[in-house]
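In what comes next, chain A is part of two complexes: it sits with chain B in the first one and with chain C in the second one.
Entry: the complex of A and B
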């Protein structure tokens, strides 16, 4: 075995310090870097599928975005697809709706989740039980819940309209009035996003050092002061992470729309989103090039946010 | 003063819990109503007589049993496949040294940023090129490996000291034997959580099956349900029954394993 040639006694005498350190750290029987090419054998199955279904499709998006819409005999189309998509009023609606969704759902969802997480984190009996309850929507099929929401939001016999009627508002035909379609989507969006936020926030709150609060109690700090001076500052990296994850997820909203409006994007596509636009272009209209051009734009947008997230988190963790 | 504060906290939490749970409760209640009850004004909250026949009727109108079997098969195969590829890759990345390891890790990290909702469309083209549309392989192949879970597992495995591997090696233990007899038992909790989350993800998968299936027989439960919702028109009570059929298995899994599931998600910030 080649490992035998570098016995500990020998390597200890070798003058180059680096060699000594790696050899002693790994022990005499370990293999050095280049000697375990069989690692690729173990990686092969995973890498095969990753290459075929993660890397290749990514390259293909960029290829198809610059080609004509034909699948069989695509020709190079230059930036035509991008020009079309950027000028397409429907794409404008999609981006505007996606932006509205992000701007409304993310802050509302974060504030409500934070209120719930802070309340649960206090000395409250049954906290774990409620935590488990609040998490249920994260695991259940968006389609199934969307169907229930269609029922709840129904303009004629929906429970929400009944309740609103009790306080003298409405009725609102959330599903059939194009002006209200986005409102329906936003309600569904806020409701759906709480589960994940609460779980992550609770795990963040629990990781704050208890001693901070003990000291604060000793000096007579009120609950409000503790929240402002201890809890929130400690939570900032996690809240930043959550906010950006939520933003990125808002850009990818699709199934919620499909479920709520029965496979359409609201009346007259009034609640269309970026991914829905791509889906329609690609799957319904067979305009592959245009769909993928929109895909490239969305990808770059998400990438920008992801990089921003990494940069922010790096800065905050310092 | 303190009591009032505590009471207010409970009021708030209970109110939010009601808002969170109401859709589920109403779904179950609605699934047992008559059509008249389900569309009455003011809304019926609890049916006078539980109409269990709604479930049979929904199952009769659409092949939910078939959807169910399809989903169990596809989600099960994806889960198993991903676990195998992930364990092998995790072993290589934590126990072995090889050229370009750092570069490979960097590439994988970069791949984490690629949104699934975008590559799913070009994956459809790939599956179409392979002539696999509307088959079980089409439903399963793209989810047989996961960059995310490779990181999930390697993070867990880096806590297992390399010396274990070296010691096993000295004793003449082969790589596969090491994986099977030492690595797997050591990371059983992580694998268990991973399996649960993968299966639930597979169960709820919607965008992919709707793209690659055309025939009713190949649908998974989520897209079968969405098709049923448009075909059944205004039969709300049947839609509720069908939704309940879709959700109940996951609720049962969650009721049993909620600790693992919550911990797994909280530790890794999974969203998907």
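Entry: the complex of A and C
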């Protein structure tokens, strides 16, 4: 301080002198609290594989989307692939199905999950047991569950039709009637998103301060008032997270379709989805450029949806 | 409203006996502190009054009317939790009017707001009506919590360690504010704390609890000057009271210890209690002498004993002299201007009129 007031030139000299002396003392791997280049060493393996399997394919998708459908001698094709995909009626079905899936499965799945999570979180005997029970599907292969659902939804001997028959509805041939294929997929979709949602929601519910409810109880707030005025506002960050994750997962729906219709996309591709379309274009039709163009379109769609949803939920939480 | 607590017991489902048959009365408009160490049962008592816990047995009456089978909302009680439990997603106004906007008798928005504003003005948080609790200091949050507890015009206010989340200086100010506030509204208040200074400064009466039993229920002054037993004497007072195990020497008619003796004829006969003779016969007595009752002997006066000072601890208004009384650590207080330093030899006179004697069970004898 006193040096600065006496002579600026002198302080400058002093500061460079100290810089040099510390630099000579510090090797590239000596300790520094704020800069630890060694971290790159630990990150390197992960970064290598991420680059190889995530980043590079991502770049290739954008490149291939503008090339002809040849892997050997691809030529620049301009927007031809996009023009084809946008005009393809099968792509329209795929996008429409995906949108229906997202719009139906996400809200329904979240409402049902919330109801179950609230029940499990209440003062219930055996809550832990049911919690474990609801989590098991998350650990099970979607293909295996799909096989079970094929039995449940079977038109001749399925349990669902048996139950519907009891109340005088049906029978419905969910798996073989193209008009019902989407309904079957939606039922399966709602069911498969429950496990993850319930676990996340339960952890959210448990993190709410118990005293909030004690105060509310003291003033006679009803269960509904407590849910609306305390629980839901407190859960907004978690519900936002789940809504976004669920939406993105819905746009990526593929395995569920594959498992439910035995590797097809329903009868006559009636339950085809965006990812199923991409997969078929690429591996079945060998239209690589068109497949990648559809991939880019899906990417843009998800991006737009996520941004919109984020903005909407932000506004809602205020 | 007067509160009557009679034969209250609480045993938790894990077998822990938190309350053992406690009874006491709280007069209308009184501010009563439940004071004691962790696990003494003070919070259990408060939660039972609030209706958040069921008693195992016993009864609580408010103005002679038993409330233990009533729902908390019907007890007409306001409560402030230790962590305030303010709703972080609501503004101050929404928090304060919350009790008026829920339940069977919810009031219209305009009326609830008017009432809420009155209590916010009373607690001095009116300008913060649109702020969220997260943007406020601990002291301000505290006031929001109190305003919310009072807004329903309850008959009884319960405060569960409301000052423990505040820094030391703010604690002093807020406790005065709380006292002024509850006294001005005339509401009967029960205040739980483990801080003796807080309890002594704020209460009309203190119920000092230990291990589920009320040790003494009295005005603060009496609790300090006239403790019912050894626990009370030990719990109150800073620095802590000095305790010495003394033996009774029948031939010299004196209680004898390694450092000093207490001749019986120096004691005030009027303060002797019934159990003293029996304890003397058993030969063992515990003497409790507060640090301020070890007086540094003036020149010319014969000291009762002389010791070397180990260390001098400066507190502010006074200094604490630490010394070793033949294996027992002891302390005395002197004026801050005292010239005594570490290692000095000091002669002490014992203020016999103000010492306490206890038997081995802790029962007060003198």
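Here, the second predicted complex is superposed on the first by the 265 of 318 C-alpha atoms of A that agree within 3 Å, B and C clash if a C-alpha of one lies under 4 Å from a C-alpha of the other, contacts with A are read in each partner's own complex, and residues count from 1 in each chain.
Please note the rule applied: a contact is a pair of C-beta atoms (placed from the backbone, for glycine too) under 8 Å apart; a residue touches a chain by one contact, two chains touch by 3 or more.
A quick note: this is a predicted structure, and the numbers were derived from the prediction, not measured.
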Clash or fit (per the criteria above) of chain B with chain C on chain A: fit
Contacts of A:208 with chain B and chain C, given as first, second, both or neither: neither
Winner by number of chain A residues touched, once chain B and chain C are compared: B
First, second, both or neither for A:183, with chain B first and chain C second: neither
Which superposed partner A:86 touches (first chain B, second chain C, both, neither): neither
Where the C-alpha centre of chain A sits as vertex, the angle toward chain B and chain C in the overlay (nearest 10 degrees): 90
First, second, both or neither for A:243, with chain B first and chain C second: neither
Which of chain B and chain C A:220 touches, first, second, both or neither: second
Smallest separation in angstrom, by C-alpha atoms, between chain B and chain C in the superposition: 12
Residue ranges of chain B touching chain A (in the complex, touch as defined): 6, 9-10, 12-13, 16-17, 19-24, 26-27, 30, 38-43, 84-86, 88-89, 91-93, 96-99, 101, 104, 108, 111, 113-126, 128, 141-142, 144-145, 147, 150, 162-163, 166, 169-170, 175, 200, 203-204, 206-207, 211, 221-223, 225-226, 229-230, 236, 239-240, 242-244, 246-247, 250-251, 254, 258, 261-262, 265-267, 269, 271
Residues on chain A engaged by chain C in the complex (per definition of touch): 209, 211-212, 214-222, 225, 229-230, 233-234, 236
Chain C to chain A touching residues, read off their complex: 50-52, 71-74, 77-79, 81, 83, 85, 87-90, 98-99, 102-105, 148, 152
Chain B contact footprint on chain A (complex, rising order): 26-27, 29-43, 45-50, 52-58, 60-61, 64, 71, 112, 115-116, 119-120, 122, 124, 130-145, 147-152, 156-159, 162, 191, 194-196, 199-200, 202-203, 241, 245, 248-249, 251-252, 254-255, 258-259, 262-263, 275, 278-279, 282-283, 288, 291-292, 295, 298-299, 302-303, 306
